[in-house]
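Across the two complexes that follow, subunit A remains constant while its partner is subunit B and subsequently subunit C.
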Partner chain A sequence: MILNPLPLSTSRTGGCTLTGALAVTTGIKDSVTIIHGPPGCAHHNFSLLHATILDNDCMVIPSVISSGMSEHDVIFGGEEALMKVIIEAASGDPGIIFVLSTCITETIGDDVLAVTQNAGVPVCLVPTGGFLGGDFEMGFCRALIAVSNLAYPVIRSREYNPESSGSVNLIGEKNLEYEVHENFVEIKRLVSLLDLTINLRFAHDITRSDIDRLPFASVNILREPALSAVGSHLQDAFSTPFVNSFPLGISGTISFIRDVATLSGSKPEKALGIEKKYQKEVLEEFSDLRGSRVKLKIPAGGPEYPLVKEIFHAIGILESHDGTVLPVPYPFPVGTGGMKRMLHLWRRALACRAV
Partner chain B sequence: MKQIALYGKGGIGKSTTSANLSAALAEKGLDILQIGCDPKRDSTRMLMQGRFIPTVMDYVRAEGDADVRLEDIMFTGYKGVRCVEAGGPEPGVGCAGRGIIATFQILERLGALKGDIIVYDVLGDVVCGGFAMPMREGYAQEVYLVTSGELMSLYAANNICKAIKRLSLRAKNRCRLAGVICNSKNLEKEEELVLEFSRRINSRLIHFIPRDRTVQLAELHKKTVIEYAPGSPQAEVYRSLAGIVATNEQFTIPNPLDTDDLESLAFEYI
Partner chain C sequence: MQGCLNPVWPCALTGAVTALSGFSGIAVIIHGSSGCYFYPATLLHNDLHSTFLVEQEVIFGSSERLIGLVHELSPDYKKVAVVNSCVPSILGEDIRDILSEFNIIFVDSPGYTGDFESGYLAAVKDLPVCMEKNAEGVNIEGINLIDPFARGNQREAERLLQLMGIPVGTIFCHDSYQSLARTADFSITVNPDLCTGYGHQLGSLLGLNSIRKTVTVLAETFCNTDTSRIEIELLAVEERITKAADKYLKRFNPPAVTIFSTCSYSGFAAATLKHYLDADILFCGSRNDPARSCMNNEKVTSLAVIESAIRNHQPDLVLGSTFERSVAGDAAFVGLTPPIRGEFRLSSKPLAGTEGELSFMEDVLNACMDRQQSGK
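This part shows the complex of A and B:
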């Protein structure tokens, strides 16, 4: 038995393991992802991807195909159907083929690994039978780890020398969330204060050959702490240390700069000076919100609460039971740039109330 | 129309019993359909002069199920007994239980489920929902347990009682335990043990089938006992069983034993 804990709620991070893995594999633009299962598993997930991709103003639709399992394949085994669709996918000469399993193929016990190993073309398997107790998050992590393993041969090559890097990787950007681009720009700005560049967005808008750059970075920056297992895996595999989250909040952004500096061997003083000054300017820009009476609808014990309270304190916003309800975006805005966008949102909310 | 199912541990003699029962019922002039619900497909072999008939799943595997006709999957054997084998996937792949479900749907669609008596010969271990299919609404309402006096055989029979009991809780389900058939392994106090087991699970021993060399000889000649040695005492035993089954109207909801009770029962009859 596989005793993964079942998700306690149907929150955004819960849900289908398959969707989580797709959020990664479809970030590799010259790949084909095969969903080994009934057509509905592919259709449902593809619709979701399609909608989100369009929402992020991206018009390139990823290649996702289904092995189209029928009752016939359930009874006699779906391995042949999978092999057929792998051969079909390989004929288009993709950079890499991903195979994602589904609940039904895991139930009837298709030996998906053996099929992928005998395919004769490079295939990367991500087991994603959701009924085994996995969720979106697990599919996402598993896919990142599976894809990262493609870069293993690189560290054995002669050119491999991570010491000279001066760059960072972004690990597990959530391709299905809003503001993916804005968050990327913010991290790029923050690390540039330390004279670091972005080596690889893993996995966002990259190709199969880009994955080989994964080991060449001084620091891996994880999108969020839930990806710690991925961070640890990459540390074991490529000896790259990691920061476990994009920066959140005023002091969080400052400590982020400090952590990245420490791990990359940079000197943080100049960067910290610049960022603190910038934060002060942003907060000053919203000084008109000082004295506003507001109300929060986020749980007091939640991780966002202290981040919001910190901003209230810095500006002088007051919490009151009859105050204006302030929207707090989910996921929480990244860095000082994200805070600035949220403050604009708050200003609009307060202005509406005033009218 | 009566629909009966024979369940029991693998190797206990379900297929031999089923085939001889069908042959004996057919001798009485009844229209019989026997359906083998086991991927190993040998339920009807003795009714077909040793022939392994093509299974429903063989046909579906090769041709799909869209154009399947009754004559592709149903074959007439001894005394007009209509024989069907569900079959299934190759060992070790796919889902045999789903294959049983698909077979039933095809038989239903083709209108094959008719006659005086349908005999379902089912894999002993009800490993998943598919193998409980013959006990579901609209199919067998009378389940016979085939067992010897061996503990493992009684254990399997007891497990099937659990399935029947659970199904009987459903509003429309009319599947009941119709009795226990003891297929003897020539053990000491075997009949007494199975008799007592039957009583404790709230059923009755409807027939004791003695161990007889005629059964093996008939099998070697690829025939049922009824056909191979019609005048033998063993053929009479099967005829007697057929008489009881054809007229049986005593059906119960079984009361399965827990494992400790089952084991201590077996101890009493060492």
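This part shows the complex of A and C:
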């Protein structure tokens, strides 16, 4: 059985669905993720995750098991190998077992769904399939949706009034990005201005039982607009409204506060006043950059361009074809805190040019 | 156990791509998806190409895309090499036939067929090597670009051959494509796990004893070879390490060690530590299938098994990769195996040759000293 419909818009260079899905499932600390495919697929991804763990100074190593598909399994089918590994994984009593298929198991036609249904232990199947399942982003979205479905048994929507919860969920933090912690700290700071707390980081450094808290927040804050399908799914499931991106840029951060306030039923005036004052202080700290002639190497039609131009305008930085090339980090820095770190990068770039 | 928890060693495809991308002038195409492309690309930091397959090619065939890419790259390179990945290999397309109008290297090395070493050696076997009759010199084998010691090992092998006045033949696998046309009749290696089979193998440069034997064989093979400088160097190196090791042993007990690496590297490390420090080798895990010479090694490619071996043996010193370091606990750690991340490595550190022996023992003694002192 082929688990996935053929995605017509698959990007050729969009990376592997598995990596996207693993970026979510390995964010659940007490889980085990089984990759049904050759060991190489699991190694590639585990190695990447391990490198990220090192970069983020976090030493909780995720459990990623390969079903160890060999040439024999490719010829005779890998379902038996998968069943054995599920049983082995279950013997360790993990919080939850995830199963991800690969392009090779999709191609040879292993019935992964049937194996997981007959395993006799609860298994969460995430419909991936290497490049046959789409790309990194699709794997990421599908995993978030599959994992969110684990929260269904505890819905108590009648007993619960979202507007009174005073908390938000962060949905789809990019666990593989270098500044994931700094971005979290920035969002926590911004929502605290509205007297809101973080209910759940879905799915970053949480346990299986934490997932049950998913329905209980006033607002879901998505990491980026590409996760809108996940936001809509959660809205349908738990009636939680969503903001579709972490805040980017000067006015973007102000709109973010306003949007979260509206959806959570908070009053934004005090928070907006504090943040505008802070932004002014940050921009003044970099007033020495006023009049600097700079050049950008990002596409003028891209989403980052207006955000950068807004900062140029606020400080008085001039764009010029013979100016110093300014680095613009990818992904774009989050909130006012992220903008401040980027301004330090710019100051260094301009100082290097002056030397 | 059927499954492998947290596998720590790359697949055959990565091995094949590593071998081929070591030759400048060869365009390496990974015939597969972007997922199969990104890992070797990030590991090697070399220019690699890919057909970036999507489901469309799985249904309608990949020939058009592959021919298009080979056609595009051919004018800019001496040779194009195509490495097959898992899915196209089971689709059963006859890639050689599809590309029959091009003179390409084709390596059928999908990930499910084996480990890094098997892919590396399969690719080397398919290289268009021309054993030039009476070609001067000696080939250097065992250079593997994902190995953190690759640059250092190559330099050390070149230096030692130069000291003996012997020209260098082809360097497998870090040379130009043209060098394959002048492969010499004789080879030495810096990593016996990666012997290519091209030329008569004259020995290894991994460890002082091996170097001594290899130098003797080289002197017997090549007339007018001057071995005196190397012999003096070997004595001096042994004396320097012995002195340092004696100093260490005056204060501290020999370390109890667990080693996790490829078969040759772990064999080298175990022998060297026993020789100089009378170290207690508690466990020797091999990433690849242990050769006959390393029968005491156990094949270990799961981080869970590595972690449990370290926990069970409670070593003073762990040798391995970044993976081992993350589960080494309080033990001293020395990097021996790729990947070694989380530290800057700018110089060309060798493991082979006399400088390799010095560098390895220097790292071990310093790591053990640091641990002893931090425990005070």
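The rule is short, and it goes like this: the second predicted complex is superposed on the first by the 331 of 355 C-alpha atoms of A that agree within 3 Å, B and C clash if a C-alpha of one lies under 4 Å from a C-alpha of the other, contacts with A are read in each partner's own complex, and residues count from 1 in each chain.
Everything that follows uses one rule, which is that a residue touches a chain if its C-beta (ideal position, glycine included) is under 8 Å from a C-beta of that chain, and two chains touch if they have at least 3 such contacts.
These figures come from a predicted structure and were not determined experimentally.
Annotation for subunit A, partner touching more residues between subunit B and subunit C: C.
Look at A:108: by the touch rule set out above, it reaches both subunit B and subunit C.
By the touch criterion defined above, A:71 reaches both subunit B and subunit C. Once the two complexes are laid over each other on the shared chain, residue contacts for A:126 go to neither subunit B nor subunit C.
Of the two partner chains placed by the overlay, neither subunit B nor subunit C lies in contact with A:190.
Within the superposed three-chain model, A:334 lies out of touch with both subunit B and subunit C [touch as defined at top]. Of the two partner chains placed around the shared chain by superposition, subunit B is the only one that A:79 touches, whereas subunit C remains out of contact.
When the two complexes are overlaid on their common chain A, residue A:143 makes contact with neither subunit B nor subunit C.
Shared interface residues of subunit A, touching subunit B in one complex and subunit C in the other, are 71, 73-74, 107-108.
Taken in their complex, subunit A has these residues touching subunit C: 6-7, 10, 12-19, 34, 37-44, 46-48, 50-51, 53-55, 59, 61-71, 73-74, 81, 84-85, 88-89, 103-104, 107-108, 130-132, 135.
Those residues of subunit C that touch subunit A in the complex are listed here as 1-14, 32-36, 38-39, 42, 52-55, 58, 86-87, 90-91, 110-113, 301, 303-304, 322-323, 326-327, 339, 341-342. Subunit A contributes residues 71-79, 107-110 to its touches with subunit B in the complex. Those residues of subunit B lying in contact with subunit A across their complex are 57, 60-61, 64-65, 88-90, 93-96, 98-99, 102.
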